[in-house]
Each structure stands twice: as structure tokens, then as C-alpha cells.
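In the two complexes that follow, chain A is the common piece, with chain B as its partner first and chain C second.
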Partner chain A sequence: MTDVGRHPRIELMTLSEVADVQGYIGNFRVKVLRKARYVDEKECTACGDCIDICPVIKPNEFDLGLSTRRAIYQPFPQAVPAAFALNMEECLGNNPIACGKCLEKCEKECIDYDMQDEEVEIKVGTIIVATGMDVYDPTELDEFGYTRFENVITSLEFERLINSGGPTEGHLIRPTDWQLPKRVAFIQCIGSRSEKRGNPYCSNVCCMNTIKDSLLIKDHWPEVEIKVFYMDIRAFGKGFEDLYKRSKANGVMYIRGIPGDIREDPETKNLILLAEDSNSGKVVEHEADMVILSIGLIPSAENSLIRQLLTLSRTSDGFFMEAHPKLQPVDAPTKGVFFAGCAESPKDIKDSVTQASAAASRANILMSAGKFTVEAITSLINEELCKACGVCARVCPYHAIEFDKEKKLPARVIEASCAGCGTCGAECAFDAVIMRHFTDQQILGQVEAILEENPQDKVVVFACNWCSYAGADFAGISRLQYPSSIRIIRTMCSGRVDENFVLHAFKLGAPVVLVSGCHFADCHYINANRWTQKRVEKLWDKLEKKGIRPERLQLEWISAAEGLKFAKVMKEMEELRQGVTLEEIEYTRKEL
Partner chain B sequence: MAEEADFKCLRCGHQFKAPYSPKDEPQERACPQCGSNSVRRIKEKAKGK
Partner chain C sequence: MAIERSESDELRIGVFVCYCGLNISGTVDCEAVAEYAQGLKDVVAASTNRYTCSEPGQQEIKNDIKEHNLNRVVVASCSPRMHEPTFRVACQEAGLNPYLLEMVNLREHCSWVHIHEPEKATEKAKDMVRMGVSRARFLQPQIEKEVPVARSTMVIGGGIAGIQASLDLANAGYQVYLIEKKPSIGGVMAQIDKTFPTMDCSI
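Up next is the complex of A and B:
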């Protein structure tokens, strides 16, 4: 952090909030609200003279309220810049000056009560989102008594307690009597891996954190008895299993089972835990002097604002979604934006540093090239046909379409942001979107060519470039046989498959049409294939209303590695085709 | 209790129940009998209730 603060080419903006982001890759304009510090950051030497005199005493947030601070303070000892800040809301008042003691005391005269918040605009080419995480608040899990019993604390509070720079200077004490606890219990997965309360995901770091804490206690106070109540211990990662073994060898007891209830002995303030050990099947009572709840990680509260400003997506757990889980794990779907750390998912320090280095390199590649090549496959709006309905902007997974609801101006594609999935083209009801290299005419032309002769013998298959088409390739390389009636039309994404393409095929006599794309988790265009599914569902309804069997339109997700599945599905399509009568085909032609 | 809906496989005809809520994000679905993704939700009206 200090290195960052000192680096000549890094401007660190602390006490600042991002207020607005406009533009696109290479050309972002970011408005930053710089909050007044009331202390001249460059002049303050953090001598601390002002704190001794400030009469306002507040809980210290960094120590999670376990210690106090003044209204003028340094948030934590290693804070960068090493300058104090004054919290004007807590200060006794500056207008008129009600106290002014710090101003008098500060020899360097760096305190200025008239400092104002200011908004600055900066131009940047790339953005790295590293907004971190928050921690789970265990108050809703009342059975653990976090709000009722003083000797039940969270792992984060414990972290401050045992830190040499913390409120007890690293002495392990329990809150009620300030004595060294003789028996400590850790309870794992608080707020994690639960469908009912808290979050369904694993928070990734808590097991190792507890193992580390248990070793820390054992190193200093080997006589302390430690029990860890857990569901499973997840100690994957370099050296982690060794630490786990060392912890066990040091006498830390691991009990498989989460206590269902905690009571407090009103006299001793000790805690009684009732837990079933799932290894022995026995319910056992345990007594502890102090209980530490190993709380999980949750998405930062700021994520929703950042998501709006940068038009990002979040996964169902609330963390940011990457452009591709395997191939672009640090890229945001919005081009020129990258992730580092827990903004993307819960992770430990090592993984955060790894991801941050990757994000910095990814950004650097773009920045040093200075130019960015856009794929030729992008969409374009025909302004004359556009009715400014805004559907395209709503469905675009990359938020690459600008659309002004008030002004009702035609939509506009930011080509630098467009990935070319074609979803906008498929969803626009007015044919106002031109998909370069995959235009309506080109695709309809292929449909017509396929069905020109003996359409009753053909199956029209729309296959996406990345998965299904690659699956067909794989089937080919693996010498897997599939029926000769199959005719494939490639699109970049299944999201490109317009309702009209399907209806046109049926109108020209196709017995069966298959729309295929990547599995949901593999979609190469974030979530464009969700629109495919919705569209196919609508088409099923539409066909049924017209008296056409919806079964004739099929949907399938086939990955690039599923050559076998591809061949199997194609055989099923052929079977379906054989079940479609000439009368049905004739009826369909007339109906559509 | 999670909300449920009826689904029908348009490949093998199998009908089944699966968790579903209109509020949920769309999900990838597969027929438990034949594995096909051509799974259609049977809407209330269509069930003739």
C-alpha cells in the first residue's frame, strides 16, 4: 500500500467515491467525489498531537468497536496516506467553531475546517473493480447468541483481539472478565453453505482462517483447549493441508457437527454448546469460555452502485460475473473493465493478489497497445427502421447499445463494446438491426438453399459457433455417424436465431427445426442464450396456437466436447423428422 | 416450500414437476427421463383447470 502511495504514476484517491462513469473502453470518463478530509494530506505528519486533545470519543471501526478513537483520527495505523482525517459529523462543530482545539494544537497548521467536497472528472482507458467484500452479520442466527452473550464473538473481532496492533496488543482475553480463556470453540460456516439463512455458497477463506487462528493460539498459549465445529474442512491449496495437519497434531480438536444451540452459564459466563458429532452419531455437550463464530464473506454493499455505473452483471450470489468463467476469469463483460479480489468471488489474499496481477496485466496489454481492435462481427442500427423501442438495449448482455428513453432517438451501437452475439438482431421486432456477417438475408438465404429441394427430408439445425457447431466438429473428428438429413446453419450465438428464421424454415416445409447453443454456464456471450430459451418458449406457444405441433421445434444445449451428445441428438432429430407427415408440413405452409 | 411448476419434455413426452418461480432467472432445464433440453413449462391455462 505504501509503495502504491509513493509511486509517481499512481494517483491514490482516498476518501473518494465514484459518482458516475461514462464512455467505453479506452475512453472512460469517471466522475469522482473527493470528500473533504479537513486535514491537509500533504502537510500532516501524523504526529498525533490533535488526537490527545480532541474531546469526542467514538468506537473505533477498524477494531470493530473493541477500542475507541477521536473525531480526528487515523483510520488504522498503516493507512495510506499517513495523514489524519476529521469526521465533521462527529466533530463538535465548526460553524461557528464550537471547539477548535485541534486547530490550535496543530503546529503544522494543516487543519482546515472550511475544506469542501469536490467533484473531479478523470479520463481513463481501463478500469479495475476491486471493491472487496463485507462480512456476514450473524445476528439473525440467534441460536448462537451473538447478541445475547458477550463471550460469543466473530472471527473478525477475534482477528483484532489477537493482533499485536489491536486493542489488547495481541493478548488473548475473553470479553467478560479480561482473562485468558481456557477453552475456545470455533464454529464454522456461519452464514455460509446454507439454503435457508445466510448464503448458499462456501466463503472459501473461513476454514483456513480458523486453522491459522487455532495455530496462533496454540503457539502462544499451548494450554488452551480448542474445539472446531465444522461441516467439512476445506483445506485445498498449496500448503493448506499441512497446516490443517499441524493444527490437529497440536491438539486442536475437530468435531464434525455444528452446534444447534448455545446457552450461557449466568454465573461463570461460560458457554454450553450442544452438538451432534456426525462421525459418532452422539449428541454431546461441550463447555467453552469463549466462542468464535467463523463468519462468511458477502458481496460488498457498494456492488449494486458499481454494477449500475459500469453496466456489469452479478451472479446469483451477488458477486460480479466475469466475461467467461474459464477463459476470461478476470475480465468483466464490459470491455476494458477487470476484476480483482473479492469483488468477483470470495477469495483469500493469495488468490486476490494473483487475480489483481492478472487484471493489471490485462489492463496493461490494452493500455500499452493504445489501440483496440474490434471484431468485424458487430451490430449496426438502421436508423430509418428503428422505432426507438429500446428492446435491443435491454437484451444486450454487454450494454453495448445506447438508447435515450426520453428523447426517443434511434438506438446506437457502441461498436467497441459490442461482442457480436446478435441477440439485439433477433429481438428487434422492426428488423432495424443489421448483424454484420450474419445478416438476416444471409441466414434466410441459407434456410432457403437448404429447403429448396425435398424440404420434407431435411432437418434445419441452428448451431452456435462456440459450442454446438464445435460439438458437430468434434463428432466429425471422432468419426461419429449422424444422419445425412441434418443441415447446419452456424450463428455466433444461439441468441442470434430470430423467430423469423425458424418460422421461415417451417413455412418452406422444414419438418423439424433445432436451435442449439452452449450450456448456460458456458455461454460465450454472458447470458445471451437465456434469450434464446425465452424465444423458443414463445415460439412453442405460437406454433401450438396455430395448430402446429410444438415438438417440431427443438432446443438443445451441446458443448464443444459433447460430440457424442451431438450425434445422439441428431439421430433423435431424424427420428422426429420421420414422424412428421406430409399433411402436417402442408398445413404448416398454409398456416404461416 | 419452493414453488413448483409442471414441465413436459417435447422429445420423449415425459411430464414432471420442477422448482419454478416467475421471479427466478431463466434456468437450464433437462428432461429427467431422456436428458433433452426441449423442456416446456405447462402453463396453468393449458392444464385445463
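Up next is the complex of A and C:
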């Protein structure tokens, strides 16, 4: 940590948030909001004089509220930067009449109540997303009594209690009587591996964390009785099994079964756990002085903003989705962006460090090359056909199209900013946009090839490259079976699907057409799929007016992780197709 | 360097149907699909291969491009999300602009999802190849644009992962901006006492 603070090439911006990201691989322009610290970061020597005098006492977040801090504080002794920070919402001092004590006390005059937040713009070639994770709050699991019973704590709270820098200076005590607990119970998989409450996935680190905690207790207080209630112990990493064996050899009891209920003895404040040992099949009551809930990891609350700014996606567990789960595990689908640590999935320190070095290496490859070849999938304007109406510029999610309304000059695409969604191509009423590599001709060619023979037996599916097409790939990888009537046409974005593509398909006898794209928040082209929806809604009206059942045109949002949903939707499309009569198809052909 | 062909050139399309071991050929009659492709308009060569992505498989594409003077290539194998870069390079090495390649996803979108219907899957595969050929007719050579990459990076988050990535990149000589929301870096790791498997301090 201190290496970061003193590295000449690292500019550490604490109390900072990413406010906006523009640009593309190699050329990102980022706005960072640096919040005021109210203490001069460079001058403060962390002497502590201000703390002694500050009258405001607040719970210390770093110790999870198990200790207190002042309004001016250092989060923990090894903090980097070491400089103190002042929480202005808690401080009394912005009015010197009210307080202002720290200001007087600080000899170096580091404190400035008038410090302002500032917005800084930086230009970077690559971005590494290391937003980490949050921990699961077990309050909703009522049977374990967290927050109802004082002696039920979480594994993270335990870390603070056993830490020499923590509120008890490393002396293990239980909250009610501040005495060393004689009997400690750990309960595993809290908020993990549950379909009903919490999360369905394994949080990866909790088994080993408990094994480690049990050894820490045994090292200091061998007389403490420890029981670990578990579903499965997952000690799969290098050296992990040795630790597990050491824990058992030290007398830690591992009981296979999660307690269904915890009661508190009102007098002793001890806890009574009722659990079935699934190895023996017996239901047994256990008494413990303290219970530690081994809580799981959840995606960081920060992720939703970062996801929008960098147009990233999430897998079904809520963590960020990689470009490929096996072959590009640290690359984001957005080029030039990489993942490190728990942002991508729950992982321990070793794996986080490994992945961070991998992400750094991937970024290094790009930056040492100094240049990057962008796929030639960008749009062009046919100036002869352009009527300078400005629709393309209005719908472009990247503001990559310029046009001059006054002078009525043809629109112009800024190639480096164009991401290639093709929404401009779909919206242009004059066919003046050429979407390179996904031209009207190319796509209509596919539509015609599908419907050349027995059109009544086929379903035409437009699938966007990033989500729905990838979802279809995932259905394939998972061997999920669906009807063979489905014919898929790939576009980069569902926003590319021109009204004419759909109408042409119906004209050629397609019984059912499906347009599918990413879920709204997941669109790889910021919000291009909003235009998809508007267009499909317009088409529904149009079909209805012509006496064609609008249901024959379907719209679905299917993500890359939703192979199951893809297969299910395809079955529904086939059912729908079977309900379309030959007379209907004939009528449609004539009407269009 | 890629040879560019003008639009007026006669279309000469080559179709390469991949067995992917048994992944495709276990369900789809690949020989029948190749035979069907041979009969499509503008197709001058169609063949099958056990693994088109293998070195010999790619070599066959390159040889056929030269031998048959192909100006469009259709590879009917797996997802373009998987092997499009592979076959684009193969085309380029044989002097064909990489954007004159079209992929037909027989594996993920046909053989794997219609395992129990080999006949229907084979019919669908033919349709899919016809779609691919139809699109290939309209493919145009494209020139890719190079953009500069700035020698600086932003790391969002100052936990153990952000710290490690920042140090690696800074030590490699790049300017690093490490953005942390809290007053100090360290993240959750800093809150943990000892860490497994070494049982040493986290900070």
C-alpha cells in the first residue's frame, strides 16, 4: 500500500469517483470528481492533535461500528495517504463560532473548511475496473438472529475483533459481557448457495476464511471449543487442504448441516443452535457463547454506475461479465477495459493479485504497441442521397455524426467515435447511411436466402452480436435443444434492424419475425436498443393497420448469459409459427 | 497486403464445411451440406474438413483461395465470436481482404441444439450455408483504421486488485491514475486480520 503512495508514476486520487467516460480504446477521456478532504493531503503529518480535540464522536466504519472515530479522522493507522480527512457533514466547525477547534490546534495549518470538490479530466489509453465487492447483510435471515442477538456477529466483524489494530486490540471477546467466549460456532454459506434467499452462487472465500479464523483462535486460546456448521468444505487451492487438516487436528469440530434455528438464552445470552448432522442423521442442540456468520460476497454497489459509463454487462450473479469466460477472462466486452479482483467474481487475495497482474499485462500489451486496429464496422454517409435531415445524428448514442442544419450540408461520420451499432442506418429514411459490413444488401440477402424455400416453416430471428447471438451460442454450448425452424441473422446491435428488413421478411412469406437484443441496461451501444423498441412499436401499429396480426413480430431482450431463456423463447416462437395459417401468410404478401 | 477486388469482378465463392470432430458431423451430414453448397450459384469450390481451424484446415482455405482464385470465403463451422479472427487471418495471408470472409455457425446454432434431429439439422445447415453464401455475395473489402493508444491507465478501485494492477503498470513505465472512493486505499483486504493460506498480515 505504501508503495502506491510514493510511486512517482501513480497519481492516487482518494475520495474520488468517476463521473463520466467518453472516447474509446486508447483514447478515453475521463472526468473524475475529487471530493474535498478539507485537510491538505501533502502537508498533514497525521500527528493526531486534531483528533484529540474534535468533540464529534461517530461510529468508525472501518471497524464496522465496533469502535468510534471523530469527525476528523484517519480510517486506520496504515492508511494511504496517511493524511487525515474531515467529514464535513459531521463537522461543527464550518462555523467557527460553533467549534473550529481543530483549525486552531493544527500548527501546520493543514485544515481548510472552504476546500471545494473539483472535477479533473484525465486522458487514458486503458481502464482497469477493480471495484471489488460488498459483503452480504444477513439481517434478512431471521432464523440466525443477526442484530436480534448481540452475540451473533458476522465474519467481517470477527476480523476486526481479532485484529491487533481493531477495537479490542486483538483480544477476542463476545459483545454482551466482553469476556472470552468458551464455545464459538461458525455457520457457513450465509447468503451463498441458496436459491431462495441471498445468492445462488458459492462465494469462494468463506470456507477458507473460517478455517483460518478457527486456527487463529486455536493459536491464541487452545481451550476454546470451536464448531463449524457447513454444507461442503471447499478447500481446493494450493495449501488449503493442509490448513483444513491442521484445523481439524487442532480439535475444531466440523458438523455437516446448517442450523435451522438459533435461540438466545435470555439470562446467559448464550445461543442455542438446532442442527441436523447429515452425516449421522441426528438432530442435535448445540450451545455456543458466540456465533459467527460466515457471510458471502456480493457485487459492489458501485458497479451499476461503472457499468453504464463503460457499457459493460453483468452475468446472472450480478458480477461483471468477461469478454469470454475461458479465453478472455480479464477482458471486458468493451475494448481497452479490463477486470481485476472481485469486480468480476468473488475471489481470494491470491486470485485477485493474479488477475490484477493479468489485467495489467493485457493493458500493457495494448499500450506498448501504442496503436490498435479498430474493426471496420463503422457507418458512412452517401452524400448524394443525404437530405441533411439530422435523424442519424439525433439517434447516434456516441454523438459520432455531425451535420449542419443551417447550411444543409450532408451528415458526416466521425469514424473514430462510431462504434458500429447501425442505428443510424436503420433510422435513415433515404437509405443514405451505409453500415459497413452490415449493409442493407447483405442483411436482405440473408432474409431472402431463408425464405427462398418453404418460408412458412421458418422463423426469422434478428439477434444482436453481444447479447442475443451470444445467448444463442450459450444455448448451444449448454446443448439446450430447441426447434429447428429457427434461422438467425446476426447484427451488431438490435438497433441495426431496419423496418424494411422486417417488412421484407413478411412480404416473402415469413410467418414470424423476432427482433432480439440486450436488456436495456446492458446495451453495448449505450442505449441504441431504445430505438429498437420504438421502431418495433411503430411496426406493430403499421401491421395492425394493414390487418396483419402484430404478434407475428416479436421483441425479446436476451442476454449473453441467458442460454436457457434463448431456448425457451425459440420454443415459443415455434408455437407461434404453428398458429400462423397459409391464408394469413398469403394475405400478408399481398398487403405489403 | 490485401488484394482488393472491384465490385464488377466475377464472384468466386469457396465454402468450407467443418466437421469439428463429431461436434458438427455427429448430427449434421457435412458431406451432404458441402455437396449442396457446390450447387449454389457463384460457388466454385466446396469441401469438408475434420477441423477447419487446425493448421492443415487453414492451409486448405489458403490453397483453395489461390487455386480457385476465390474472392469470397464462407466457413461453416462454429460461432464467429470464437473463430472469426482465425479465419480472417487465414484469408489475409492468402491475399484476400479479411472482410470477404463470412462464417456460418453450424455448431452452436445447429448441431448442438438439434442433437436428436439429424435430418432436420442437415436441412437447416443447408439453409444456413445458403444464407452465408447470399451474404458473402455482397461483402466488400474494408480497410481497418488504426487508432493510437495513450500510454496511461485509470484503475478504478484501490483494493488489493487495484493496488496490484497499479503497481504493475506503473513499474512497467505507464502513468497510472488510481481512483478510490474512500479516504484510503486498502479496500476490504485491509479490514482482514491474517490471510490464508500463509496466515500473515493483510497490510
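We take it that the second predicted complex is superposed on the first by the 369 of 592 C-alpha atoms of A that agree within 3 Å, B and C clash if a C-alpha of one lies under 4 Å from a C-alpha of the other, contacts with A are read in each partner's own complex, and residues count from 1 in each chain.
Heads up, the rule we're going with is that a residue touches a chain if its C-beta (ideal position, glycine included) is under 8 Å from a C-beta of that chain, and two chains touch if they have at least 3 such contacts.
Since this is a predicted model, take the numbers as computed values, not measurements.
Engineer: Would you sort A:Arg37 into first (chain B), second (chain C), both or neither based on which partner it touches?
Structural biologist: second
Engineer: Check whether A:Lys282 is in contact with chain B, with chain C, with both or with neither, and answer first, second, both or neither.
Structural biologist: Once the two structures are laid over each other on A, A:Lys282 reaches no partner at all.
Engineer: Chain A residues in contact: does chain B have more, or chain C?
Structural biologist: C
Engineer: Could you look at A:Lys245 and tell me whether it touches chain B, chain C, both or neither (first, second, both, neither)?
Structural biologist: neither
Engineer: Would you check which partner chain A:Arg479 touches, where first means chain B only, second means chain C only, and both and neither mean what they say?
Structural biologist: second
Engineer: In the overlaid three-chain picture, which partner chain does A:Lys538 touch, first (chain B) or second (chain C), both, or neither?
Structural biologist: neither
Engineer: State which residues of chain A lie in both footprints, the one left by chain B and the one left by chain C.
Structural biologist: No residue of chain A touches both chain B and chain C.
Engineer: Would you mind writing out the residues of chain B in touch with chain A in their complex?
Structural biologist: 10-11, 25-28, 36-38, 40-41
Engineer: Give every residue of chain A touching chain B within the complex, in rising order.
Structural biologist: Against chain B, the touching part of chain A is residues 316, 519-521, 530, 533-534, 537, 540, 550-551, 553-557, 569, 572, 576.
Engineer: Quick one: which bits of chain C touch chain A in the complex? Just the residue numbers, please.
Structural biologist: 79-82, 99, 105, 107-110, 112-117, 120-121, 123-124, 127-128, 130-131, 133-135, 137-140, 142-170, 172-197, 199, 202-203
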